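First chain A sits with chain B, and in the next complex the same chain sits with chain C.
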Partner chain A sequence: MTIIWSGMAIGAVYALVAIGYNIVFISQKTFNFAQASLMMLGAFITYVGIVVMQLPWWLVGIMAAIIVGLIAALEERIAIRPVKDMHNLLVTTLGASIILQGVAQLIWGGEPYRVPFFAGDQVISLFGGNVYPVELVLVAVVILLVIGLNQFSKHSLIGIALMGMSEDREAAQLRGVDVRRFAFLAFAFTGVLAGFLGLFVGPKTYAVATLGASLALKGFVVLAIGGFGSLTGTLAGGLIVGLTEALASRYIGADFANLSVFLILVVILMAKPSGLFNRQKERTV
Partner chain B sequence: MRFGKAKSLVASMAVLGLALTGCANSASSAEGAGDGDGSLKVLVLGGLGAEGILANNAATSVTAAEASVAAVNEAGGILGKKLEIEVIDDRADPTVAVTKLREKLAEGEKPVAVMNSGPSTVAEAILPVLMQKQILSFNIGPTETSTDPSVNPLNFDLSPSVQDYIDGFVPEIQKKKYEKVAVLHGSSATGELFGKLTEEAFTSSGLKVTGNEGYDNAALDMTPQLEKLKSSNPDALVLDSYGAPLAYVLQGIEKLGWDIPVIGNNSVSATSLVATDPPAGVLGTSQVKNLTMQVFESTKFDPKNEKLNAAVKLMAETGTIGSSLILAYNYDAMWLLKSAAESSNSLEAKNIAEALLDSKVQEAAQTQILPKYAFTSESHAPHMEPEHLIFISPSKMVNGQFQ
Partner chain C sequence: MLALWLKIRALPTWALPLLLGIVLLLLPSLGMNYGMTRQVILTLLLALIVSGLNLNLGYAGELAMGHIAMYAAGAYTAGLIGKAGITEIWVQLLVGALAALVVGLVSGVPGLRLGGWSLAMTSFFLILLIPDVLSIFKESTGGRNGLTGIATPTLFGEPVTENQYYVLVVVIAILWFAFMRNVVVSRHGTAFQVLKQSPVLASSLGISVFRMKLSAYALGAIPAGLAGVLFANLDMFISPEAFTFTVAMTVLAASIFGGSASVYGALVGAGVLQFGLNQATNFQEYGLIITGGFLLFGGVLFSGGIAGVGQKIVRKLDYKAAEQAGRSKGSSAENAVADVEVLQGANLSVQTVSKAFGGNKALSQVSLEAKPGAVTAIIGPNGSGKTTLLNMISGYYETDEGVIALDDLQIQGQPSYKVARSGVSRTFQTPNIPKNLSVIEAVESGRYSTQRASILQAVFRTPKFRRIRREDRSEAQRVLNLVGLGSQLNADADSLPLGNRRLLEVARSLIGSPKVILLDEVASGLDEDELDVLADLILRLREAGLTVVIVEHNFQLVLRLADVIYVLAQGSVMAHGAPAEIEKNPRVMEEYLGIVSDSDGTSLVGA
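Take a look at the complex of A and B:
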């Protein structure tokens, strides 16, 4: 059961990255490849706030959310908005990711820093397995986040406007939606989220400059499995990727962990090309 | 009068001739490199401008070289000539290293030696250039051929081989009376080699290897591999791990509640996390209660070792010791150079290289980081005796030494 808990916790971290990808995808129809690096910055800011400055965890969460939110807003202004061709955004966001990692390396170096979890770091036994409190909280956070964002997208005006933008950007604009403003706010929100989540991700992964690179690809795989634009899909995708990785490492061998994940991705995409939780739309020809 | 003039002319020519002969003798006795002003130049390459840990490692290597130059000059220099050090920041990038090295060599002044503090990729790139120019070199980043005298007769590696480190594990495991061991290693080339060679060495020593697992260096959780190894019921776990993966391995062991002795290699000891107090590190926590790590004797502070302590003090005064003292080989390199040059009474790279193979020359160098380098005509790699590799529990690190 310890392996199951481990797989679920790591899957939850991947899913959190994928949620960030999804929010940008819904609002801009593109991907922010710097999302995982924003989360890495969140972990570092949490480390600085809790360990170096010894601030209360809730204040650190707010501080990280604001700082990383501002960085994401800056990224949108520099790496997204000036770019005319949508295809080039893949390159510019990847560039932003490399810059963020380089900055983290320069400031904090390549060594990992331990980020204490505010609710304790003692291992607990649950359902026959051992788990850190933060791992349970990560699973809970991702589930609550998906439920909350789903409800927000269905019942709030901003959420409905964002969903409208994702369906048809021009139609939404014609209906009076300020698409550029909403896209900017959604982008900045993913930064706020990545910063705040440093409270939960940092204690699991440590604050380390290579974290962005470790998470970026797996987050994308989670997104592809669950379906681009589907928040519920990120839950299923995270669970599948996390558990596959853990069980393959345990019972087949670590060399087959990534192979198994990508094999499952291929099988799922062959069966459902748009991902598990996306309906294929018929095209009018 | 005319005869007198002729006599004085002959005498003058004879004096001039003798003077020229004297100069020629002097030149041939210490030929090969050096500056017009009588100083000798040593080039040190290091990735000072690289990112993260590479910069820390380079800072330690460069500091060690600078401190040793000061110490060697204090001891009279080499063959009466003072050493001058020039540092090239190659950013741990082979292209930058080759470009800057070629620029320096094109300036016309031939260095007496070049010291590479950077990774193997830099060594791979610069060694052919140094070979072409017939320049003596000392190298920290081993390559496939860096220790092969038939390929690089003028290069000497300073870091012991993976096999030397592994040979140090066997006596430790036997001393502790462990019979069954499990191995966990990373997916880097060194990690894979560690996994392969440890299994071979342990098996040939009569130890039972109950499991040998690798992990992806980009993975964030090693609990599955650890649980698999736990189920094989070993007496001890031999570990290769560095940086964030080490943090995840220690987390995994704690999570599994696995009370097993963990014997880490030098990569484990080079990770600052284990030498840092909580909350930033894990020193003194339950995660490292069973951990011992392989280090050089010189990496552990010994108040009785006055020569080493003086060297460390000098390094600390000279610059930054950003990593463990394991990266301070350049301190030894300068003394090896002095000993070999003075033994051969020459600054010719070929003569110094020949002298470096003499064990008496190596002993006379009185190196501090490694006690002896044991270069041979078959291999220009240092050979480290197992007794010079010790196993210690994590502790605070001060000036590159565990306290």
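Take a look at the complex of A and C:
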């Protein structure tokens, strides 16, 4: 059970990355490679705020949200907006993510830092397994976030506008939606989210410069499993990836954790290319 | 100055690179020291990997990062068989390239199924797996500590000296770049560019998108595997350190900087990154930031890289030189009237076809018959399902029900490239013409799948390849004359005016000797003269026996050309018959033409 808990928690982290991907995907049909690197920055800022500056956790969360949100906004301006070709976008957002990783390595070096969780690091016994408070909170946060975002997209005007944009950008524009502004705000929001979530992600993964690369991949696997654009799908994807990784690592060997996840990705792409929670979309001319 | 330029351009394009290769070969005898030789070798190895990536990113249009894994596969294969006593370098190169090819195929198939980000991600994942896989086979690979004890390579049984090894690396690099260059300038290179521009277009020309991308990915594995083998034998030691994420990013940065869509850009990019940045002090600290900067600004600012800038300058100089030479050539066989050969049309029949997108019923129970040697027109207001119907025939959408057949061959449910290969060719509402191709190349791409010459035949320039290339040229010239573009063979296809781009599409759709041709609003945007050429051509195609289907808003043109007219409204056939009947059909006049009773039929609703 301990393994299940830990697998679910790491799965929740991957799902959080995938949610970031999804928000950008829904709002501008592009893919932000740097999403996970933004989360990595969130974890570092949390570390600095709580351990170095000894600030209260809520202030640290707000600080991280603002800083990372600004960085995301900057990324949108220089790495996304001027680029027209989708293939170039993959390259430029990858470039942005490498720069972030490089900056983190320059400032904090290559060693991982332990980030304390504000609600304590006491192990709890639950359903016959040991679990850290942060692991439970991570699972709760991701579920609440998905419910919240789903409600938001169905009931708020902005959410509906976003869904409209994802369906047909031109039609939304004709209905008076400022498509570029919305896309920009949605992008910046993923940064705010990534920064704030550093409070929860940091204690689980530690703050380390190379966090971005591995999170980016696992987040993508979650997305591929759950389906592009499906928020609910990220929950299932996160669960599958997290558990696979934890179980493979425990019962087969640590070297097999990534390999197992890769295998799952391959099987999913071959069997159901559009993901578990998506209808097959037809190509258009 | 310009005269000198013309002389340079008169040399074959491979002359300069070959000269560079010879200079590189001679460098050691000119007294280059060991440190420098090693740098050149490392640059060439990097250039080989970059060149493999370019085939994907620059030509097939897919971002892939797995070349480091293929590089590792080549290196470890060489290391392991070298340790086992097989030191003959040619054998190692062969086996290493094969190992890389296997890694490429296994990782490429799932990633390419989805395209876009999927290949980027699965190939990215591959890099992450390298240390894990090496550590699983710790016994033989040495895991994270690296593989030691690789024996000195031999060539025909003799140990290879340092100088000989340098020559070997340069020769392999020259051979690979010659190989790559021959692929890229051949029809395969054109097909790659079509694919990069638009998978939809590629499949309408009968090109299997998946297969084409996979072959680019697999082909790109070869230089990476070769580089791996050469790397393993350079230091006789390899470890996972040489195959990290950072190295993969250096490769990508070199590709972007040198220009992904070029053959020799890989050398420039590799040279800059190897000599420039890796030498810089503090590279360890700032390396990632610099690499990231290359990617970010390279992607934003110059999408063609250094090679792209070079190509632009060359084109400008060419243009200037041509201007000064007074345009002496080029206007030879201006618009010679070409003959239409006898064409074997096929009976296209659509029976009770329906299609719904979600709750929106786009077509319901549509039946249509287009006969060889006749022009069948489909008209109807916007949103009545005309283009949807064409797309169903071309295989872009699956039918919900009904049958689409060419003579006796049912084609519904077939992928579009197969439909195209069965003889259905088409034009698009918005002309779909790849960038950076000349008019004649763009038209030749229509013959890619009907006349086949393998990539290897292109590399070795076999007689069959040469024959097909000649036929490509003469056929393209012929169909271009048909549409009246015979004098613009070498113009940049993408920058033609709209009317000419439409005519170019018609030429492209004719070159593959189709049985059925679908023309989607081909007359819109044409001026009077072009319209006459087009109308005349359509009538001649009909005479020649082709099955012609046109979707058109210009009612007068339809009346002039069509033998049968089908009127679509809200997804079903409202009326069909000869032009004279349709013209007088009261429902057509009212609903489609918006004419209540006695006017003359010029005010179109849907136009």
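A few notes on this one:
The rule is short, and it goes like this: the second predicted complex is superposed on the first by the 281 of 285 C-alpha atoms of A that agree within 3 Å, B and C clash if a C-alpha of one lies under 4 Å from a C-alpha of the other, contacts with A are read in each partner's own complex, and residues count from 1 in each chain.
As a working rule, contacts are C-beta pairs under 8 Å (C-beta built on N, C-alpha and C of every residue); 3 or more make two chains touch, one makes a residue touch a chain.
This one's a predicted model, so the numbers in the text were calculated from it and none came from an experiment.
Applying the stated contact rule after C-alpha superposition, one finds that A:W57 touches neither chain B nor chain C. Once chain A of one complex is fitted onto chain A of the other, the partner contacts of A:F152 are absent, as it touches neither chain B nor chain C. Shared-chain residue A:S214: touches chain B and chain C both. In the superposition on chain A, A:L247 makes contact with chain B only, not with chain C.
Once chain A of one complex is fitted onto chain A of the other, the partner contacts of A:L106 extend to both chain B and chain C. Of the two partner chains, chain C is the only one touched by A:S97; chain B is not. Of the two partner chains placed by superposition, only chain B is touched by A:P116; chain C is not. Touch criterion met: A:Y206 reaches chain B, while chain C stays clear of it. In the overlay built on the shared chain, the residue A:Y132 is in contact with chain B alone; chain C does not reach it. Comparing the two complexes, residues 102, 105-106, 210, 213-214, 253, 255, 257-258 of chain A contact chain B in one case and chain C in the other.
Interface residues of chain A, counted against chain C in their complex, comprise 31, 78-79, 82-83, 85-92, 94-103, 105-106, 210, 213-214, 216-217, 220-221, 224, 253, 255-259, 262, 265-266, 269-270, 273, 282-285. Those residues of chain C whose C-beta lies close enough to touch chain A in the complex are 57, 61-63, 109-111, 113-114, 116-118, 120-122, 124-126, 128-129, 132-133, 135-136, 200, 245, 249, 252, 256, 285-300, 303, 357, 387, 391, 394, 396-398, 428. Taken in their complex, chain A has these residues touching chain B: 2-3, 6, 9-10, 13, 47, 50-51, 102, 105-106, 109-114, 116, 123, 130-132, 204-206, 208-211, 213-215, 245-247, 249-251, 253-255, 257-258. By the touch criterion given at the top, residues 51-56, 187, 213-216, 218-221, 223-225, 227-228, 243-244, 246-248, 251-252, 254-257, 271-273, 278-282 of chain B touch chain A in their complex.
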